[in-house]
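Read through the structure below, which is laid out as structure tokens, and then see the notes.
Chains: A, B, C, D, E, F, G and H, in written order; residue numbering restarts at 1 for each.
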Amino acid sequence: MSPESVWDAARRARIGLAEAILCEGKTPGQIAAICAVATKDDRHPLLLTRLESTVFAALPPEVRCEADYDALSRTALLGRMPVPGEAARIAVVTAGTSDVGVAREAVRTLAAYGETATEWADIGVAGLWRLLERLEELKRFAVVIVVAGMDGALFSVIGGLLPGAIIAVPTSTGYGMSAKGETALHAALASCAPGILVTNIDNGYGAACAALRILRAARQADL
Amino acid sequence: MSPESVWDAARRARIGLAEAILCEGKTPGQIAAICAVATKDDRHPLLLTRLESTVFAALPPEVRCEADYDALSRTALLGRMPVPGEAARIAVVTAGTSDVGVAREAVRTLAAYGETATEWADIGVAGLWRLLERLEELKRFAVVIVVAGMDGALFSVIGGLLPGAIIAVPTSTGYGMSAKGETALHAALASCAPGILVTNIDNGYGAACAALRILRAARQADL
Amino acid sequence: MSPESVWDAARRARIGLAEAILCEGKTPGQIAAICAVATKDDRHPLLLTRLESTVFAALPPEVRCEADYDALSRTALLGRMPVPGEAARIAVVTAGTSDVGVAREAVRTLAAYGETATEWADIGVAGLWRLLERLEELKRFAVVIVVAGMDGALFSVIGGLLPGAIIAVPTSTGYGMSAKGETALHAALASCAPGILVTNIDNGYGAACAALRILRAARQADL
Amino acid sequence: MSPESVWDAARRARIGLAEAILCEGKTPGQIAAICAVATKDDRHPLLLTRLESTVFAALPPEVRCEADYDALSRTALLGRMPVPGEAARIAVVTAGTSDVGVAREAVRTLAAYGETATEWADIGVAGLWRLLERLEELKRFAVVIVVAGMDGALFSVIGGLLPGAIIAVPTSTGYGMSAKGETALHAALASCAPGILVTNIDNGYGAACAALRILRAARQADL
Amino acid sequence: MSPESVWDAARRARIGLAEAILCEGKTPGQIAAICAVATKDDRHPLLLTRLESTVFAALPPEVRCEADYDALSRTALLGRMPVPGEAARIAVVTAGTSDVGVAREAVRTLAAYGETATEWADIGVAGLWRLLERLEELKRFAVVIVVAGMDGALFSVIGGLLPGAIIAVPTSTGYGMSAKGETALHAALASCAPGILVTNIDNGYGAACAALRILRAARQADL
Amino acid sequence: MSPESVWDAARRARIGLAEAILCEGKTPGQIAAICAVATKDDRHPLLLTRLESTVFAALPPEVRCEADYDALSRTALLGRMPVPGEAARIAVVTAGTSDVGVAREAVRTLAAYGETATEWADIGVAGLWRLLERLEELKRFAVVIVVAGMDGALFSVIGGLLPGAIIAVPTSTGYGMSAKGETALHAALASCAPGILVTNIDNGYGAACAALRILRAARQADL
Amino acid sequence: MSPESVWDAARRARIGLAEAILCEGKTPGQIAAICAVATKDDRHPLLLTRLESTVFAALPPEVRCEADYDALSRTALLGRMPVPGEAARIAVVTAGTSDVGVAREAVRTLAAYGETATEWADIGVAGLWRLLERLEELKRFAVVIVVAGMDGALFSVIGGLLPGAIIAVPTSTGYGMSAKGETALHAALASCAPGILVTNIDNGYGAACAALRILRAARQADL
Amino acid sequence: MSPESVWDAARRARIGLAEAILCEGKTPGQIAAICAVATKDDRHPLLLTRLESTVFAALPPEVRCEADYDALSRTALLGRMPVPGEAARIAVVTAGTSDVGVAREAVRTLAAYGETATEWADIGVAGLWRLLERLEELKRFAVVIVVAGMDGALFSVIGGLLPGAIIAVPTSTGYGMSAKGETALHAALASCAPGILVTNIDNGYGAACAALRILRAARQADL
């Protein structure tokens, strides 16, 4: 690996989550160098996030050919994927079609850990029936990741209806006072529904990591 | 009147809305001087807004005795009130109990113009049934003034369910990232529901004025 | 339609406003998929907003050929347009030439519902006579949509002169402390003129939807 | 209850969390009226948050005498408390002594649901050994609520060391660019450690509710 | 004088403006110590600004008795005042009654330099006739200081109508998105009228100093 | 002219400043249409500001050939220029080389009114001698326009040394917490030197207009 | 000590700086409990910062009697002070009298470590001669702590003139766009003078700690 | 040199730091003109910062051929470099690979003054062992420059562990609430560890200048 990086190989053992590569802000050369080290001894899949297709195209062929790249979520996965779990314990829902890229980042992160997630898109509160008709089904999930931009109203509506763990992922969808996701973020934080948890704007990856922690917490709690 | 003020007596004739006195930032002396001039020739009620009870108590007795003061909305009304309209064409709803003061400011402003408003409090989305069970009734109003702080999710939920004119009044209710009403304000502006109109934070008075303009617009449109 | 979208076909029946497609943040593929479903059973026009000409050019021919595209307002209309109403009940005015794109978005949205709007451009307060000489004519409209950026002074001046319903649309026109429309937005919210209602920055679409709600409110109010 | 409030009695059945009373922004009269209704049929404890001692003192005696009031956390509990659980599954840690009030709000909220929490104070990163010497013990908890203001560095350090679910509660501790908790909040959201979840500033109550959701998620996930 | 202060006695000779004492943030002891030195050798009046009445009351009698204190503008003047100029070359106008305190600070500062200013209050654009009927008179002034809060629309309207030098003083009048004067400030900076100059929020003193510089500039320009 | 514009031909007679065209945010077609009308009857030069070279290149040849275009200041001048005044009464100084474009906008605006300005660049306070050695010369100007970005320290230093009218033009020079000119703007507004006047960020045009107003004020004041 | 605190007794040995007590946000009881533990085994002085006089008065007598309390800097010192160093290697200068409290906090912190500092007040750039006449003397100090609010221009002027280490402490002095110290902070960060280092707003304590680190760095560098 | 620039040749003699060219915001022509003058009489290396590779490529060949250009740090060095010092007294560490460009700017600035710096990359707190295993070595440096974006947690952790002078350089690394470096900046300013000093966002150049001042301070202090 380049002397510009120190791979935290012990992270998976320590906290159950492997290091991933945030590609934004890194040169193709830096990304390739990290990939080389990270995939050497590790049988687990390596996740690359916020990887623009132009940067992906500039990676060396040995990385590109190995990678399962998805343009919508701007993610790539390298290495052997785990066998997917049978039952989905996590649902990922979005308020609108524009939020699907972020949701997909969460779904693909979960897949890297063998978690199958159920994904429902475009159930925002402007057409409330879309949520209400899925309500009973949604109640069965241990964790619901809610992805929404603009006003972020979906976070509170879901928070008032579902008993499970709720992770709000505000997105930069919208314009003007959507403020690149800050309004949805603040709405999630100031929610009138109790116990909603929040991640950074557009952070589908972080939401998935949190969901994995929560599933582990369950086991740890010896319920 | 004090040379510090010029009463816009023609406003009612010009735009159908009389000047009101925003008391915040004025001394009791200034308020009293304006009242003296404003009530001289005018048979209509005079409205004082954002009038703290301590400032009200410091007003001269001739103003205080005439006034119908309401501490919750921090408003006072001077002069003869019009006969209230029979049917309520405007509903004023709040997300929580803490928003009632602002809602009351709107209701009392409407009353000064003879408009009777129906008021429902505490129907926020954390308990969505409270809204849904009033839905059919709410659909009958020409204008619905929605008063909410914190996440402002109620604006979008109502905007997706009701066909009438909707006026969102964000309130400074809440703490932390409720940001003194800015989050509710931004959520109203960035709403995923179409055609929601917004006023300044805590501006129940302005919402009532806008509702009066809308009712007048109807007449003007010759529908 | 793509599984990434759930078309809210019932919205028109529910609130009198059909779902529109906000194209910003969606891929051409996503837009085309939504168009396919939305136009299947619906005889009404479908509105696409914030559709950059480069994205429009990337849409499949079956969408492009059907569409009435306008570059200035970045809108497209698909489907049969309603017969335009005879008398204009809504005026759309702008402070400057740079605001015309946003105003046009409002005008075209209204047209999709058969509302003819009168459009006056460039009557900002730096040359106040431009407004004053149109004043008597403006007073005849039920609703006036005011589109302005920079200082947003036009909102308050009109608010002090006209009795009708006033919808302020702040625009991102200007530089420096125009702050991408935030100054005009804040000026509209903090206006010294009573009863001004405000939409998101550059939201001509939302202003038109609100105007339609107001006209309907009139009817509902049974005046 | 006052017509200004609608008690959401069904909330506990619906999402497993009872409605609590946010006292800030409510008059003593409003608080008392809500207490009267909320405690009528309910055998569960009622939680009052952000209740200043001066407001508590202004409540009617029948509320005050029933209440277990704690000034540091500004909380009161009414009604019969559940039997505390034996093993602590949740830890609440603070960066400094000034954060203890918020931590206590979380601990008391958990107690209202029978959850015993272990509380460690003042283990901020300026003296890193204070955290490191508790590390093995902390690893045993299913959920760790981390309460920190100022730079919020503790969130990331714990996030890199512990495998369980981590809930970051930023506090308004500090001055200048601590910015009333915004810096800690932003640091939690932008954390370099994966899977940290965040609540509103000073929201110990919300963190406890989220922890309860997580414990329930475990059960639901049928692990 | 206290060793905590160094009086800039040369300032009047250097730039034609004497040092004044900004009292906010200083203890009565510090203020008194500065007064003692500043008034020793100087025959000119000394100006104290932002001097709360409670702080004024805490000053030693030898300062208080000498001082001409005005509570509305929170200013005090010590020492012999110059003979007032005959003709007013500067007008100070306010948008509302709440702005009079700031205007008065400007008027009193000008008086300390022998400049008589004409003061008109409460001519905001909500009642535009109040401005228009004074327009011809206002055109005769070399400098017009405009004092306005809230939306700051008066700055642009005057800027489009008057040919003289215009100094905009935004005030902290208003609530919500008036944002303690920031909206008026931003509106003045982003004005659509050309050549408006702006001071800090509530800075009547600075506006007066600038007006004095402008009058001097005239002389210097040898017109 | 296009119906999208209303030329304010009376502005020069009214306030002594002709309308200029802010090109940013306008299409080449809109700019050309305004030019056509504005130059028809007017013998005075027409100023175009914030005109990017790519937009200038897209203007029709009849506009381009007439225009005196300057890329650094992004300005164009059309029409016959007035005879330049002999003596410079206005100085334009910049803190750094990067600020020269904005300064040039001011100089060219002044030239359109026959005012010759003296321009000194790169005299920022990091090398204070550069200012101090020009100090005596600077004192002779009636108006000094100071153009500076980053920390804006030059405004206060000049304000403490020069007696003339001082116009601060903050620029968007710098990075990070230079905040696109906001830091320089705020420093100018909060200056410890009395009587500094401020324009919008990068607004060399506005500073020149203000300087022209000041020179006129002198004449008006009949000094 | 209270179980709410863990005293970091090893800090002095580890980084050469003892833990201090930030009193803001702590109850008198919490402060007293920490004092009890911190002073038990330690012969060094204990520093309490941001200690309001009302809170100091509420401390138990055994703390109050031991303490050397200074109201201007809101600091208290407990325990035996070290012998002051003979030669001052650090200068603390302020722009104005209002900044002296913060400067005094730095001076008293340095005294707790035996460093004598030279203090000059009120040498802001509005009267530049006050700085220039002290320039040669200031050049002799290894470290200069500059304390300034409002525009923070003093930071850059000193940074362009002095070769030593410069620590900028922005203060919350000023009003309006002084923005509680943010403008001075941003000016220090965006300074045109190279190598200026910055602390939090009003953080005289932190500046002193940094100065102590710098003096130690010198020793460590083995120059 | 172009009349648009005044080279501060005396700066090196005055404060020990030569003027450098901030290329951002300057045209290639302006940069080349400054280079021509700056390198004429000076034997010392000239530093160009924030020089994009496209701008570098547009410089005239006589500048380009002389220059040692580094794309990662966007810096160029012209002229004869000093002999590098033997022992590294300054360490430059980064939290992540994305921060290396800013660190390199610092290292290259130091090299221009003959200071050799030791550089360690990617030791952020998400993998705390990376820092802890270098701790003893880091303690030997007089100055540690810490370069970090996102949450900026590394600043506080290092501040609590190392006794030397610590310079925090926040970077614009990260997305969403990393806020282009503002979160890391605020975390550094609000750090719970005492005596951390801060520079502008991405200001590796400024950090190096400050480190040079600190080393000089040591000499000056006559330790």
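The rule is simple: a residue touches a chain if its C-beta (ideal position, glycine included) is under 8 Å from a C-beta of that chain, and two chains touch if they have at least 3 such contacts.
A quick note: this is a predicted structure, and the numbers were derived from the prediction, not measured.
Separation of chain C from chain G in touch steps, taking the shortest path, is 2. Summarising the inter-chain layout, the chain whose CA centre lies farthest from the centre of chain F is D.
Between the CA-based centres of chain A and chain F the separation comes to 49 Å, rounded to the whole angstrom. For this pair, chain C with chain F, the centres built from the Cα atoms lie 35 Å apart. A straight line joining the Cα centres of chain D and chain H is 43 Å long. Counting partners per residue, chain G has 11, 126-127, 159-161, 174, 176-178, 185, 189-191, 194, 200-201 as the residues that reach two or more other chains. Pairwise, the chains that touch each other are A-B, A-C, A-D, A-H, B-C, B-D, B-E, C-E, C-F, D-G, D-H, E-F, E-G, F-G, F-H, G-H. Residues 95-96, 124-128, 150-153, 155-157, 159-161, 174, 176-179, 182-194 of chain A touch chain B in their complex.
The residues of chain E lying in touch with chain F in their complex are 11, 14-17, 20, 89, 140-143, 159-167, 185, 189-191, 193-201, 203, 205-206, 208-221, 223. Those residues of chain B lying in contact with chain E across their complex are 2-6, 8, 10-11, 19, 22, 24-27, 30, 34, 50, 172, 181, 185, 200-203.
The touching residues of chain E, when paired with chain B in their complex, are 72, 97-98, 100, 121-123, 126-127, 129-130, 173-178.
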